[in-house]
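Shared between the two complexes below is subunit A, which pairs with subunit B and subunit C, respectively.
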Partner chain A sequence: MSIEIKQISKRFGQFQALNDINLDIQGGELLALLGPSGCGKTTLLRVIAGLETPDAGQILFHGEDATDTHVRERQVGFVFQHYALFRHMTVFENVAFGLRVRPKKTRPSEEAIKKKVHELLELVQLDWLADRYPAQLSGGQRQRIALARALAVEPRVLLLDEPFGALDTKVRKELRRWLRRLHDEMHITSVFVTHDQEEALEVADRVVVMNKGRIEQSGTPAEVYDAPATPFVYQFLGDVNLFHSRVHEGWAEVGGTRFAAPEAGDKAVIYVRPHEIDLARNASNDALAGIVTHVRLLGATVRLEVKTDAHEALEVELTRERYQAERWAVGDAVWLTPREARVYGA
Partner chain B sequence: MAFKQHSVLPGFGLSLGYTLLYLSIIVLLPLTALVVKSSDLTWPAFWAAVADPRVIATYKVTFGASALAATLNLFAGLLLAWVLVRYPFPGKRLIDALVDLPFALPTAVAGIALATLYAPNGWLGQYLEPLGIKVAFTPLGIVVALTFVTLPFVVRTVQPVLQDLEHELEEAAASLGATRWQIFWKVILPMLLPALLTGFALAFARAVGEYGSVIFIAGNMPFVSEITPLMIISKLEQYDYLGATAIAVVMLGVSFALLFIINGLQWWSAKRLGRRK
Partner chain C sequence: MSATLQRDGARIVLSGRLDATGCATIWQAARDAASKESTVDASDVSYCDGIGAALLFDLIQRGARIEGLAERFAPLLAELDPDQPLLIPETPKPEGRLAAIGHFAAGWWRETRDVIGFIGEATVSSWAILRRPRELRLGETLRVAASAGADALPIVSLIAFLLGVILAFQSAIPMRQFGAELFVANLVGLSLVRELAPLMTAVLLAGRTGAAFAAEIGTMKVNQEIDALTTMGLDPMRFLVLPRLIAVALTAPLLTLYAELVGMFGAALVLTGFDIPLATSASQIQGFVNLSDFLTGLGKAFVFGLGIATIGCLRGLRTGSGARAVGASATSADVQGIVMLVVADGLFAIAFYYLGW
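Up next, the complex of A and B:
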């Protein structure tokens, strides 16, 4: 089912949480709302769910106005960061809750409920835990039960608020792959909120980057990563080094390397990712001189910090092989050349 | 000492020893003395003291009125706690403080105040009298007094639990299609149950032992509005120490039994909520 969000604004006291948000979510899409804390992503999700009323604007579910529909009737499945499982009910009863609270006329029989719950527990691969209480489960298991509970009411939309935020890294990675597979099987329109760019890029069909209550950019993971629309998006999606430069006839310059700056005025800000910088030992006029101040081994990559005239600490990331070929050490003099960069007007 | 685990906090032996000594002197010693003293009685004499029809009538009044008062406060206390936690309104802090007043007030003061209020010519009594409702000097008056003194218990045990109840639980239930009523009944109330039981138990225990606030309003008519603590006092006044002790032992036994039952219920429901393993 498709969702249209039209000119939604929401204010909490003096704080403008959402500022004129427009967004179309296609049916069957898995969409990520990505942004730093306080950017309004969770508020937007809660507005879609009906847990928050917008001050202005409209929400359309499949072309029908749902702005004033109560969360109870909106048929959304909502998954919370801290699971929000009912502690006094067994796993089975948690999943069955949505079916049991239906009005008598539409409530399935006890048999049907049992069948449905076990189907869902099998789907999340936790059928063997049906008789346990939430307190006896691990975080990852709890979140899967929360998902099964949300799916029990056959929601038209699945909304997940930082679903993996409270889990440790390894479980998080497993679960997000599992969520992706699940979505590929069920094709239910899903929106999830995250502050983790890796998570958004890995799982989502489309990523919407938000900042200060506005949408900065929306596009496929490749689009937002390779062609960030604003400096904010560029910075948010990975580590960056910042250079300032004057613009001469449409070209900005970093240490002798020129980059096209067609949109910039007099001055430009040049963003270079740590892995887009080459290092050399030989002095050159076309490179920035610096001294290695830190070397950090991060597994597959090695991160160096280099001090230059203009920067206290430039970050350079090398593959393990390239690092081992040169054996950079703290105190070495190096010459840096950016291979690629993005230029924005200052 | 197999149960002693190594801990970074020093003084386990000392603090446990002190705790046990303190509990023994303050709690166990008097109780033991009570039981030992009553064992001076022969069985028939004990039975005669305890099963005297007039005394049995006081058990009914005391435990009945206490149960009624604690039950009333179970509902009223929940409502009060709910209002104090859920809604912002002017004067909320004042009302919050008022809840503790019955607890802080000397019980005799409460008794005199209530007796004045509900006496046939009192502020409230004069209007109730024509309606055929007699409060002062009847068992109803005892219930009123006990309800007054035990008000804070349920409020104060439920309030913090209600405060900490995650709002997300209610949102989750609503998103699953539950109505407000279903959310209250199926989600909130079960979570509050252990606190409600604790509050009820405390209120009941306090009510059973209450003396000061009751005797003024009760009228103390034999077989109608006499409470068991009064029975003990009057036996003491007649220098019938053994008879008084015998009745005290019965009260002790019943109170213990009730507290055990309620503690068991509480333990069971807390275990289900995963607070204890």
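Up next, the complex of A and C:
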């Protein structure tokens, strides 16, 4: 089912949580709302669910106006960051709950409920936990149960609010791949909120980057990462080094390297990702001179902090092999050349 | 040589060394003298360092114009960009008494509107349940009734019994002076039935049950379970609040009835010490306390119970976020519940007086 969001705004007292949001969500799409905390992404999700009413604007579900439709008629499945499982019910009862509380006319038979719940528990690979209570489960298990509970009511839309936010890194990675596979099987329109750019880029069909209640950019993970529309998006999607430069005849300069700056005015800000900088031991005219001040080993990659004259500290990332081959150490003199950069007007 | 300041109408003449010592002596005077019209003649300044520049900056910010500052000091001042208006964040004024009263009244009015809205919503939901009684969650209602009612019996027994004993003792001593010990039973019976049993039971309910509701529902709210219920199409009002309202509104009169009996028994027990047998006390009370006394007491208990449950549930649903919010909700449910009881009891007293009940 497709969702259209038209000019939605929402204020909480003085705080403008959503500012004129327009967004189309295709049927069967897995969409990520990505942004820093307080950017309005959770509010937008709650507005879609019907848990918050917008101050202005319209929401269409499958072309029909659903702005004033009550939550219970929207048929959404909602997965909460902290699971929100009912503590006094077993896993089975939790999943069955949405079906059991239906009015008699639409309620399936007890037999059918049992079958459905076991199917769902198998789908989330936790059938063997049916008789446990939520408190006896690990975080990852709880979140999968919460997902099963949300799917039990056969929602038209699945909404996930930072579903993996409270889990540790390894479980997160596993679960997000699992979510992706699940979505490929079920093809239910899904929107999930996250502040983790890696998660959004890995899982989603489309990423919507939000900041201060507005949408900064919307596109496929590749589009958003390779062609960030604004400096904010660029900065949010990974670590960056910042350079300021004057623009001469459409060219901005870092050290001696020139980058085209067609849209920038007088001054430009140049963003360079840490892994897009080359290191050399030999001096050259068009490189920035610096001194290595820190070496941090991050597993497969190594990150060097380099102090240069003009800038406080630049970060350079290189593979472990290169690091070992070139044997960088604290105090070494180094010359830097950016390979790639992105230039924005200042 | 230190700095000096001379005033000549709107002209302020500065001379000497504008350094830390020099500036300290003239700073206050210069500040007082500087205004929008004044010009500062700085041609006799022989030395000016950062502090001197700061003083000149301050004077410029106050609207004064600087004239004749030697060229070698000018860059120091220019660096401060003194014509740029300084961004001084306005310190919020401490609010006046009137504003404080206004804020308080607005807050109070907001709360009241919230309560009225909640009562309205509850009324609408109860009406819907009255028409389709099957939608009431009977199991949940009974569970709440058991925990609010049956589980409260020990403490209600204790308090009611002691209440009867104390009342009987306190009134028996002066009454004996008039040889009227017999009428202690009448007095205790009437005050228990009309006033004390409903009130004491309700206070216990507010502490035990009202606060528990706020904590229970508040925890669900903090854990987003309420949101989860809502997305599954369940109205928290019907699903959580109504069973609690009904359970407590029905349990409170029952508990009150029980408290009355225990209290009277306690009083009668004391009176046996004054050579009045139990049977005599019983017949005294029977002859004196009539049905309308009894019913007004139970009616009060019903209203008190409803009020306590309403406040408990409302505070629970309005819980903010974070674990601390749950504690705050439970406390405020308790306090508001007891305040509500006292106020409602006062209103009842006035109403019954005029109605002659």
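FYI, the second predicted complex is superposed on the first by the 346 of 346 C-alpha atoms of A that agree within 3 Å, B and C clash if a C-alpha of one lies under 4 Å from a C-alpha of the other, contacts with A are read in each partner's own complex, and residues count from 1 in each chain.
Going forward, a contact is a pair of C-beta atoms (placed from the backbone, for glycine too) under 8 Å apart; a residue touches a chain by one contact, two chains touch by 3 or more.
Source: prediction; values computed, not measured.
Which term applies to subunit B and subunit C once both are placed on subunit A by superposition, clash or fit?
On the superposed model, which is not a single observed complex, subunit B and subunit C clash.
Which partner does A:213 reach: the first (subunit B), the second (subunit C), both, or neither?
A:213 sits against neither subunit B nor subunit C.
Quick one: is A:228 in contact with subunit B, with subunit C, with both, or with neither? Answer first, second, both or neither.
neither
Between subunit B (first) and subunit C (second), which, if any, makes contact with A:72: first, second, both or neither?
A:72: touches subunit B and subunit C.
Residues of subunit A touched: more by subunit B or subunit C?
B
Going by the contact rule set out at the top, does A:136 touch subunit B (first), subunit C (second), both, or neither?
In the superposition, A:136 touches subunit B alone.
So, A:54: does it touch subunit B (first), subunit C (second), both, or neither?
So A:54 meets neither subunit B nor subunit C here.
Contacts for A:88 in the overlay, against subunit B (first) and subunit C (second): which applies, first, second, both or neither?
A:88 sits against subunit B, while subunit C stays out of touch.
Based on the superposed arrangement, let me know which partner A:338 touches: subunit B (first), subunit C (second), both, or neither?
neither
Overlap of the subunit B and subunit C footprints on subunit A, residue-wise?
49-51, 71-73, 76-78, 80, 82, 84, 86-87, 97-98, 101-102, 149-150, 153
Within the complex, which stretch of subunit C touches subunit A?
By the definition above, subunit C touches subunit A via 223-225, 227-228, 230-235, 239.
What residues of subunit A sit close enough to touch subunit B in their complex?
Contact set of subunit A toward subunit B: 49-51, 70-74, 76-78, 80, 82, 84, 86-88, 97-98, 101-102, 133-136, 146, 149-150, 152-153.
Which residues, counting only subunit A, touch subunit C once they are in their complex?
Per the stated touch rule, the residues are 49-51, 71-73, 76-78, 80-82, 84-87, 97-98, 101-102, 149-150, 153.
Which residues of subunit B touch subunit A in their complex?
166, 168-169, 171-179, 182, 186-187, 190-191, 193, 269, 272-275
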